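Scrolling down, you'll hit the structures one after another.
Next, two complexes with subunit A in common: one pairs it with subunit B, the other with subunit C.
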Partner chain A sequence: MKTETKDRLRAILGEANFSDQLIDLVSYSSDASEHLHRPDAAAWPTSAEQVQAVVRLANEEGFPVTARGAGTGLSGLSVPSRGGLVLDLGRMDRILDISIGDRVAVVQPGVVYADLAKALEPHGYMFPPDPASGKACTLGGNVGTNAGGVKGAKYGTTRDYVLGLTVVLGDGRLLRVGNRAMKSVSGFDLTRLFVGSEGVLGIVTEIILKISPQPLATATTLAIFDDLEDAGRAVSGVMASGVIPSVLEIMGRETLRAINQNTDLALPEVDAMLLAETDGCTQGEADYQMERVVEQFRAHNPREVKRAESAAQAAGLWKARKSCYPVLARLRPNFMLEDITVPMSQVAPMLRGIQDIAARHRVQIATFGHAGDGNLHPQILYDAADPAEKERVEAAIHDLFALAVELGGTLTGEHGIGLSKAPYMDLEHNPVAMELMRSIKKVCDPNNILNPGKMGLDG
Partner chain B sequence: MMTDQHPLLEKFRDQIQRCSRCGFCQAHCPVFGGTQRPALNARGKMLLLKEVLEGRLELGQELVESLFQCTSCASCAANCPSGVDVPAIIKAARKEMVGLGTCHPAFSGMDQVLDESDNIYAEDEPGDFDRQRGGRAEVVYFMGCVGQYREEEATEAALDLLDHLEVDYTLIDEVCCSGVLEDVGFAIKPRLARANMERILATGAKTLVTGCPYCYRTFGKQEAYAPLREAGLEITHLSQFLAGRDLGLHSDLKVTYHDPCDLGRHCGIYDEPRRTIQAVAPDFVELADNRQDALCCGAGGGVRGAYAKNSLVMARRRLAQVEESGAQVLLTECNSCVHNLANAKLRAQKFKIMTTPQFLMELIEES
Partner chain C sequence: MNSAALQALRQAAGPDYFSQDAGDRLIYAGDGTCFRYPPEAVVRARGPEQISRVMAACGKYHVPVVPRGAGSGLTGGALPVAGGVLLDMAGLNRIKAIRKRDQVAVAEPGVVTGELQAAAEAQGLFYPPDPASAAFCTLGGNVAENAGGMRAVKYGVTRDYVLGLRAVLPDGRLLKTGGANIKSVVGYDLTRLLVGSEGTLAVIYEIILRLLPLPEDRATINAFYADLDKAARAVEGLLASGIRPVACEFMDGYCLKAVESYAKLGLPPAAAMILVDLDGPPEVVRRQSGQVETILQQAGGEPVRVAGDRAEAEGLWRARRAMGPAVYQHGPGKLNEDVAVPLGSLAEMVRRAHLVGEKRGLVIPVFGHAGDGNLHINVMHDPAYPEQVSQAHQAVSDLFAHCLSLGGTLSGEHGVGTTKLGFVGAEMDPVGLELMRGIKKVFDPAGILNPHKKLPPPEVLP
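And then the complex of A and B:
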């Protein structure tokens, strides 16, 4: 980047909100994926006008602009793979409005998920997606990735809560889409187009979110299955039973073994463990739903079904699930955490397939995930310093994606395509879909300024 | 594999690579919280050191602003899913950098000061607390540099309290424990450690009580002070020494407590101070972040000296939590925390900030 360009950026943003210092360039060179590329400069805009001015300059000078929240993403979508400017929106972090009457919260993109949760709590409200990185990730990032979490089966993902957006397009124009109303069929649903668009169409500068009342009561049960097929049938049974659990998590054999090797939880090393939570306005409502869930568990040959009688017991049942990430993160020097998603009826075949793929390619894959919405997290554990192992990992990942698509599923349920899955877009989307996506990209960002190289849109 | 160019850092290669870059430390790091600059967060520091170990980055001057701007509060390590001991790694990196001739001037200044002076402030006259020094007693009270030269009132209160409790104690002609040098790239001065140890042991005391959590850590854990432990001396912090004593005091004030990082996360002392405070002030409230999750006051790791402005910003974030709690008094067990928090307090913030002994002595004097 030329010195004059940097000077112009300083003039737009102010000295304190621009940097080309080495420490910043290195810190913006990655996210939580394995991808790495340094930007040429970094900026912390504080208004939509600044974002517009930066994007206009980028068009004039031809440098890429990559928007970034907290950088907790797992697919490399905020890694500036072609250099240019990283636009860290973390300092646009004001909650502009919380209206319980309208059931909306209006926020800037840099608000941390947990800070909104904290602000909503006294009102008895929540913003439900609950991503695992909630204490650090930002709402702008949630919109960019269409973030989800453990409660997806009942509460959906970010997309289901975004009512409106203010967006700076790739040519610098300011777009307002959506509104504060609970329903709208006015024109194309442009709001949804931008949710999960990974910063390739525009940079979000304001978000109108629908918020939900917090459930007042929960019930929790853990079930252990010797046989994966039984667990799979139990999941299908639960989802067809007429109640929708707020949580229905699954942990596979390799995950249980890893947890046992690294904690004193002493879990049974079986094919699958299911954790279910139901919620409602009264304990009776939560319990009624849990009874339906437990009936389904019992109907499918469980080794054991443990229902929590108290909050303390419920916390105990959650322990195994909560230890998945920290345990698996420590097992080997590196890991990749995937998020393939399949129709609910295909959870068991997918889990079986993951085991076969791991054996075939001689790689270690521990799987856990959100069985209630078919979103699985195979975590591939390896040592990046061993090139032969890395090659086997890549081959295994290809097979994982191919199987997910074959079973009627998708490459990604909540992490996004970014760089990691860009080469596999054609597996899932037919040429017409790819062409349409590229056309939309061109309309919004004619000079390919915004986050180029992501989503497989420009090769 | 790289050559053994950075032997101190090399020991942590496995840990540095283990950082999965999840970024969860951003929720806890006080430097990030105050600056919203990821380069200063624990993950940012690990990324730099990973590149250093891979030979892609030089461990030079350009990294100082990140690697020397860490309060060593250890909240990142306490919350790291991958179990990376960031403070230990930062310590090693700073020593490595100093070895290569790169350092923040404030830190090399600290090392130089302690070559020439016996205290970290290069003060000539120690505070006169009008107490016996170097006598024979059951207990030695070690106040530390902040207590001796900056927060004299807190030290006075601690000594008054010991008098009130009729503890058989003596002061010594103490010199800086120099433990902080280990955190900022240098090493404890054997001359100072020797002087402290000789003077402490000469009193024949069975117990060493420190007013400063950092001195407590240093005497209790550092190799240079092993002879104290080998001599069978019990090393305690004043808060432990006071815990469980019936002081017969009562306050109706709404009180809260700030966990000093050196006492809390570094030494696991959370309950003892609370026991003393809650017995006296039943209207006790916790701050939003407390115990293992306590937010740092921003003073540690040499940051107050080297990055004063950011240190104040961090203190203000902690003070905002005090304001939120509605407490009338903020108590803590660390003179350095009191010093930084009191400096940062805004005029509109009406609560008082003091050490627990100061609070207790006020009650004793009122009754």
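And then the complex of A and C:
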């Protein structure tokens, strides 16, 4: 990037909101994936107008602009793989309005998920998606990825809560779509076109979110299965029971073993463990639903079913699930967290298939995930310094994706395509769909300024 | 259309699927609006290859194509306003699969919504979207309009159940979006871009829908209020309670009066009625209906009735269901609007609608889906009096202005079609319109698919 360009950026943003210092460039060269690429400069815009001015300059001078929230993305989403400018929206972090009457929150993109949760709590409200990264990730990032979480089966994902957006398009135009009404069909669904678009179509500068009352009571149960198929059938049974659990998580054998090696939870090393939570506006309601879930667990040969009798016990049951990611992440020098989703009946076959793939390629894969909506996270643990192992890992990942698609599934349920899965886009999309997406990108971002190289759309 | 075009079309469609018969052209001239535009020819869809050939022929000869489901649309989406070919999708009406363990249905677009609901139910499953037209409208029409209905408060709208689509693009190519997965973030959300696109982007020939388990039990509660604010407080209290009602319907005093004079149900005189439906496991429904009763009472409901059984529940619903025909008690003509406003502005919107009525010398009954802020505003008038007709049209403009000033939207579920085209520019930001036009061009560069719908032409812009 030319010095003159940097000066113009400084003039737009103010000295304090721009940097080309090495330390910043290094910080912004990665996210939570294994991808690395250094930007030429970093900026912290404080208004939509600044974002517009920056994007216009980028069009003039032809440098890439990559929006970034907290950089917790797992697919290289906000890694500036072609250099240019990283636009960290973290300083646009105001909650502009919380309206209980309208049931909406209006926020800037840099608000951290947990900060909105904290602001909503006194009102008894929540923004449900609840990604596990909630303490760090931003709402702009959640919109960029259509983030989900453990509550997906009952409460859906970010998409289901975004009512409106303000967006700076790739050529600097400012777009407002949607409003505070719960339903609207007065145009094409542009709002949802931007949700999950990975910062490739526009930069979100304001978000209108639908919020929901917090459930007043929950019930929690853990069930242990010696046999994976039984666990799979129990999941199907629960999901067909007429009770929709607020949480239905699964942890596979490798995951349980890993947790045991690194904590004192002393979990049984069985094929699968399920964790269920039900919620409601009274304890009676939550308990009654849990009885129905437990009935389904018991009908499918569990080794043990443990129901929490208190909040403390419930927290204990959650401990195993919550320790999956951090424990697994520490086991080996490197990991890749995948994010396959399969139709509900294919959860057990997919889990079985993952075990086979791990054995075949001699790689370590521990799986956990959101069984209630078929979203599984196989975490592949390896040492990148060992080229032979790395090769086996890549072959295993290829087989994982192929199996998911073969079972009618999808490459990613919530983490996105970014760089990691770009080469696999055409496993799922025919050339017609690919071409449409490329053309839509052109409509929003004619000069391919925004987050280029992502989603496998620009070669 | 010249004879070469007709010849090419007949061949592309197959002679048995093609008609220029005067009777057919008449049948397909209208939809749920009062307008009529006979097409030049009718093609009955047979399958993707045939549709693809028809699209290619239409592209070659620059002939407009208008897809049509059951023609129940209320904004003229299926009207062949520019002539050309009417593509009747109703014959593609197979339910291809109901996959119980995946909770997924695969259906052709001509399947009548009510038939899919029944087929799902037969397997203990549930297709929640429930437009009042479910007995005759089609899934294709529902997807194209993003239809809503009576259960949207708890279950959402059609969009929330469409997991994947198969469609023919205007140039004849086949597009596949999504699959049988509840979650997927692979690429842009083309599926939902097609949902609500009113047949202007692609012709849908197969739909993958999410199903849910069939709720075991239901409960119905209604309450009458002496003024609007109390009714609004009841809705607010209910939604804040954490209970997710299936339906939370509203009728104003004009509606109640009309229903009473039409159906003689013995309704108490009131300024508003709220009707709540709950569903779920019996024990949950029982607990919640007690809570709802208390909430409706505390807001000043008098009387509040809880249905003891299904028959009583049907009794409570009768007033709401009679609304369609009953509203004509206030006049033989109706302009039917479908605004949605932020939840906090519900009572204000109803009040303003009534004021517009007073100003224009017309009765404007309001009912609708209070739980999601979607109001059906009926501007009643007598078409025999031109002055009333003109006042009615001005009332509609007034209503849209009020709705937008409250932060609302022109249409919650019926779409834009042709009837609301002139108002879209007042709601959509100009960049949004540009973007929509750009997207339309990507899908339909020749502009042959359902022209003059959804997107106002540039000259209508403010």
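Here are a few things to note about the model shown:
Operating definition for what follows: the second predicted complex is superposed on the first by the 459 of 459 C-alpha atoms of A that agree within 3 Å, B and C clash if a C-alpha of one lies under 4 Å from a C-alpha of the other, contacts with A are read in each partner's own complex, and residues count from 1 in each chain.
The criterion applied here is as follows: contacts are C-beta pairs under 8 Å (C-beta built on N, C-alpha and C of every residue); 3 or more make two chains touch, one makes a residue touch a chain.
Just so it is clear, the structure is predicted and the values come from calculations on it, not from any experiment.
Upon superposition of the two complexes on subunit A, no clash is found between subunit B and subunit C, which fit side by side. Subunit B and subunit C, viewed from the C-alpha centre of subunit A in the overlaid structures, lie at an angle of 140 degrees when rounded to the nearest 10.
By the touch criterion defined above, A:275 reaches neither subunit B nor subunit C. After overlaying the two complexes on the shared chain, residue contacts for A:433 are found with subunit C alone; subunit B is out of touch. Contact with subunit B, but none with subunit C, is seen for A:325 once the two complexes are overlaid on the shared chain.
By the touch criterion stated above, A:99 is placed in contact with subunit C alone, subunit B being left untouched. Touching more residues of subunit A than its counterpart among subunit B and subunit C is C. By the touch criterion defined above, A:409 reaches subunit C but does not reach subunit B.
In the superposition on chain A, no contact is made by A:371 with either subunit B or subunit C. No C-alpha atom of subunit B lies closer than 21 Å to any C-alpha atom of subunit C in the overlay. Overlaid on A, the two complexes show subunit B and subunit C touching no common residue of subunit A. Residues of subunit A that touch subunit C in their complex: 99-104, 124, 145-146, 148, 152-153, 156-157, 159-160, 169, 173-177, 179-190, 192-193, 195-197, 201, 213-216, 236, 239-244, 280-282, 284-285, 288-289, 292, 341-346, 373-375, 408-417, 421, 425, 428-430, 432-433, 436-437, 439-440, 442-444, 455, 457.
Residue ranges on subunit C touching subunit A, taken from their complex, read 99-104, 124, 145-146, 148, 152, 156-157, 159-160, 169, 173-177, 179-190, 192-193, 195-197, 201, 212-216, 236, 239-243, 280-281, 283-284, 287-288, 291, 340-345, 369, 372-374, 407-416, 420, 424, 427-429, 431-436, 438-439, 441-443, 454.
Residues of subunit B touching subunit A in their complex: 14, 17-18, 20-27, 36-41, 43-44, 47-48, 51, 57, 62-63, 65-66, 81-83. Across the complex, subunit A meets subunit B through its residues 21-24, 26-33, 44, 70-72, 88, 90-91, 93, 112, 114, 133, 135-137, 325-326, 329-330, 333-335.
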